[in-house]
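In the two complexes that follow, chain A is the common piece, with chain B as its partner first and chain C second.
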Partner chain A sequence: MSLPLAEEQVQKLPLEFADEKESVNITGFWMFLVTDVLVFGSLFSTYAVMRHSYAMGPTADQLFKMGPVMLETLLLLTSSFTIGLGVFAMRKGQTRALMFWLLLTMLLGAGFVTTEIHDFVSFAAIGATWHTSAFLSAFDILVGTHGAHVTFGIFWALTLLLQLRKRGITARTARKIYTFSLYWHFLDIVWIFIFTFVYLNGKIV
Partner chain B sequence: MSQVEQPLTIDEAYNQDNDRALKFLRPRFHEEKFPTIQILGYIGSLILTFGAYFLVMDHVLPPVSLLAVILALAVMQGALQIGVFMHVREGRGLAWQIVPLYLVFLIAMGMVGMSIWIMLFKSGVS
Partner chain C sequence: MPSFLPYLYHTLFPPTVRYPDILLIDFGLIMAGIGLLGFMTKTRRWGWLWREWLTTVDHKKIAVMYLIAAIVMLFRGGIDAEMLRAQLALPTTKFMPAAQYDEVFTTHGTIMIFFMAMPFIFALFNAVVPLMIGARDVAFPRINAMSYWLFAFGAILFNISFVIGGSPNAGWTAYPPYTGLAFNPGPGENYYFLALIIAGMGTTMTGVNFLVTTVRMRAPGMTLMRMPMFVWSTMITSALILFAFPPLTVALAMSLFDRLFGSSFFTLTRGGMPMMYVNLFWLFGHPEVYILVIPLFGVFSEVVSTFSKKQLFGYPVMVVSMLAIMFLSYGTWVHHFFTMGAGPAVNAFFGLSTMLIAIPTGVKIFNWIFTMWGGRIQLTVAMLYQLAFIPTFVIGGASGVMLAVVPADYQFHNSYFLIAHFHNVIIGGTLFGLLSGLYYWWPKMFGMKLNERQGKVAFWLFFIGFWITFTPQYLLGLKGMTRRLYTYPIGMGWHELNVISTFGALIMGAAFVALVYNIVWSLLYGEKDLTGDPWNGRTLEWALPSPVPEYNFARIPVVHERDAWWAMKQRGQSLADLKPEDVRDVEMPRNTPIPFLLGASFFVVGFGMTFKFWPIAIMGFVGVILCILFSGFDYEDHHHLKADVIRSTEASLGRLQG
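Now for the complex of A and B:
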């Protein structure tokens, strides 16, 4: 949120905060993330209640294979690190380095989504779809909503890459990169809780 | 008669603040020459993740305490992501986002915790 600032204080701020309108946009994006916590909170509540309702279908322990899940976790954690380095490069004004880290983040995100889709298809192949049981309905909607967020993020990053190529680092593109990094780290946090509460918890029997 | 007030600079605003509420929201920016904190954050997140994985796979604890421990590790990692990578203390003037963030974590934990709690009484509702 902005306060009236003296000019010499504004000079010291990073680009995206030096511009008053863009800094308000960043605060607005935090408010969006707060509401998104509630979306995932509701889905986690549903899963917490339904997670033992197997209805003759496979149990969590029978269904989950930890290999692909660990791969997805590693890809997403690494992509969170690379976009962090991207923002670091942006603060130094290094456009090409920023574009490299952003592209790498997109590729890691695409690897995550591919592995996840492959996992979901292998579940469907043994008849474990969201029609099977309340557990699988809650699982598919929780993990699927997260996967849809990541997919959307990849396309968002693509538009940012094009804007960076055309306009370079300006107050506006810097704010967009900054809010994208907030979004991406937020998805990483949600995944950590899915990894812990859904996958690892499914293996505790 | 109303009078137009002079805008305060951040420092003046902090100095006028008696109940220290603004100090809690005072922004801090990440400024380093080398991304040391990002690298440490990444290594920390890997240790927490694989730590939780091996705790579960080796069944080192009874189920209930195991779940409590891995959830604690997940919360630690969430805090690490917010603090290290999301620069939660950055803001122009005041880092106001911290207030709704605390609020929504309280609401989300209440939502999940109370859903689990109320469904413990299944015999009464089914």
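Now for the complex of A and C:
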């Protein structure tokens, strides 16, 4: 089905929406995000059920340190802002600015992942791994799945950077950047839920 | 090194896969494999297989591959069923030892649901949905091929379990702690989890693909309320898949981690909660039964209106009732385990929500009957299945409402009454619907009709065999026989009914043989469909020649009403009045080996992880990453089909004027 818009209206749309095929791709990506919402929903519900199953292991309150978590939050939220600026630059057709913001987003994401890994290693050092308790299993898989998504996103951004360098901003690369930004914002939102329901909630005794 | 080989031998071929019958099957498979290799090489078909099938992204060819897989899996699942029935008819002989019986009922259920019914449904989606909505392909042809190959390699991974390493044996639902490492150390359950994760990813992608296809790819003028009912059912099923499969994938992954990496989600120790798995599984599992039946509601709606020569009765109500079923299906999952003891309030809620689903379903039944009312009914095989479906499904649905009564469910739970109920709806609804769709759309897929006389023989055998098999099982359930039971004393009063049931299963086996004979005979000698519209159909797929050319529509049609093709015929129009200048170049997706290689890589990952051969798993994983990278950088994924080519194709079909 073609868009219910007149030809001149279509011309005014951003590049990635003006192209019929790319616009269908964006719809598809939204549908993929639905499935990802459900994945995280299932993980959150598992965590909600198991969050007090400490089984002799450390409790959430004993384990969580808010310092690294604040840092992670700051890094990821900033990266969501920078990818927004990237899409803004893309709309104005500024390839170099887009590449700059994309690179900055990747670096912030890498900072997030590094801090998170450091945090997990410090847990492991005191013997708090997912062998310990159902609480830690649920915590590790929820936060770990999010971290894996961010890591995947960084590598995805790297491939996009290479494609941008070779091809510039076309309907197709624009769509890829746009879907990447959707993905990145989505991870940001998931993190806000993790921050609230897992870390802040865990500190309430 | 010398100790490595015995280790490998004992891991891959433990005593559980060295029963005489399995060794016989091994021998048969090897012989068949060698025969096939020889045949393919002798007739020089490898290139053809690779170019035309393994690398194809054409939805019509993917449909054929799904169909072949589904029929092979129907055979495998059917053989499992016959083995189970044989054991239950001879309970005191050791036809199968208990351990093997466990494996066989597990693979029977899993294969029939995930590797027979699902691909069969996707075969129908792929075969006709793009044609019905006037599109050249699905929204994402490459992802469509990836879905197929993920499904296919998932199915292969699951099916090799019984010759290498041992089959899963914890039932098709794979509840912990049966699947826990402490109770189930073999590789069988790893096979189950990995195969279902891999095939499930493919299914999720299919859901995304067909949702976007039906939302975005429709021909101009085809508004939502002008879509054929099968397209509606495709859209709703895809939405169900979107919401149902992620919880399953999460539950399976957690179980797998418990087994492979020592986490404790569902273990009995360290605070694990097996019931969490059960909740997540049925959060998928209940929508899944509607994923299995709603497409067939669509098929029956098409079939009944075509063969009654009437517009579908109550189209808007049909849509609303399907949507109602979709929403309600997410609020019923606890009825699979009322005996968990969630308390009267929770159980009452889920009991009521379950009964509520009977209302929209009943509405649909009445609409089909009213469609037939006053129509000129043609008793084709497709229509016979539709007619058989109505009473069968009503009885199956009514026994479902009985199970929804919570106090009664404490008696019915895990008994043969339940077994009879879900076979009643799944065979009566899903299998009859699939076969109805198969007979209905076969001419469109293959260009010839399935022989009707032979089809009727198969139909009657299926129908009669079904009732002889499952009526006694209701009675057995009421007499207290529980499911997953491999033996019982003769004096229990169960034996006669079990023998009758087994007799019915043999009739259904004969029905399958008749079906395959019908297919093979018709492929060789079947009546060719020269018009493209053998049933005097109502929807757009019948406006095209059979089989459909690669690009589907030389010119995209414009739709003005429901039953677009019927209305065109009434006005004396057709799509075969193409003028040469109407034909333009068409952009078509280019064939690609990536989906096949991606599936194969996932197979390697799955096999490696099943046996904890980590280097192999990592190799497969690298393959997966390479496939994803390659498709990310590949901008040459389409080609232009020249107008001249289309013109000459259409002219040779007699559809071009001048």
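Throughout what follows, the second predicted complex is superposed on the first by the 201 of 205 C-alpha atoms of A that agree within 3 Å, B and C clash if a C-alpha of one lies under 4 Å from a C-alpha of the other, contacts with A are read in each partner's own complex, and residues count from 1 in each chain.
The working rule: a contact is a pair of C-beta atoms (placed from the backbone, for glycine too) under 8 Å apart; a residue touches a chain by one contact, two chains touch by 3 or more.
Since this is a predicted model, take the numbers as computed values, not measurements.
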{"item": "Touched partner set for A:44, first chain B, second chain C, both or neither", "value": "first"}
{"item": "Touched partner set for A:31, first chain B, second chain C, both or neither", "value": "both"}
{"item": "First, second, both or neither for A:68, with chain B first and chain C second", "value": "neither"}
{"item": "Partner contacting more residues of chain A (chain B vs chain C)", "value": "B"}
{"item": "Which superposed partner A:88 touches (first chain B, second chain C, both, neither)", "value": "first"}
{"item": "Which superposed partner A:111 touches (first chain B, second chain C, both, neither)", "value": "neither"}
{"item": "Common interface residues of chain A - those touching chain B in one complex and chain C in the other", "value": "1-2, 23, 27, 31, 34-35, 38, 41-42, 45-46, 49"}
{"item": "Chain C partner contacts - residues on chain A that touch it in the complex", "value": "1-2, 23-25, 27-28, 31-32, 34-36, 38-39, 41-43, 45-46, 49-50, 53-55, 57, 130-135, 137-138, 140-141, 159, 162-163, 167, 172"}
{"item": "Chain B residues touching chain A - in the complex, by the definition given at the top", "value": "7-10, 13, 29-31, 35, 38-39, 41-42, 45-46, 49, 52-53, 56-57, 63, 66-67, 70-71, 73-74, 77-78, 81-82, 84-87, 90-94, 96-97, 100-101, 103-105, 107-108, 111-112, 115-116, 119"}
{"item": "List of chain C residues in touch with chain A within their complex", "value": "139-140, 143, 204, 207-209, 211-212, 215-220, 222, 242-243, 245-247, 249-251, 253-254, 257, 261-265, 267, 269-273, 276, 280, 283, 629, 632-633, 635"}
{"item": "Residue ranges of chain A in contact with chain B within the complex", "value": "1-6, 9, 13-14, 17-18, 20, 23, 26-27, 30-31, 34-35, 37-38, 40-42, 44-46, 48-49, 66, 70, 73, 77-78, 80-81, 83-85, 87-88, 91, 181-182, 185-186, 188-189, 192-193, 195-197, 200-201, 203-205"}
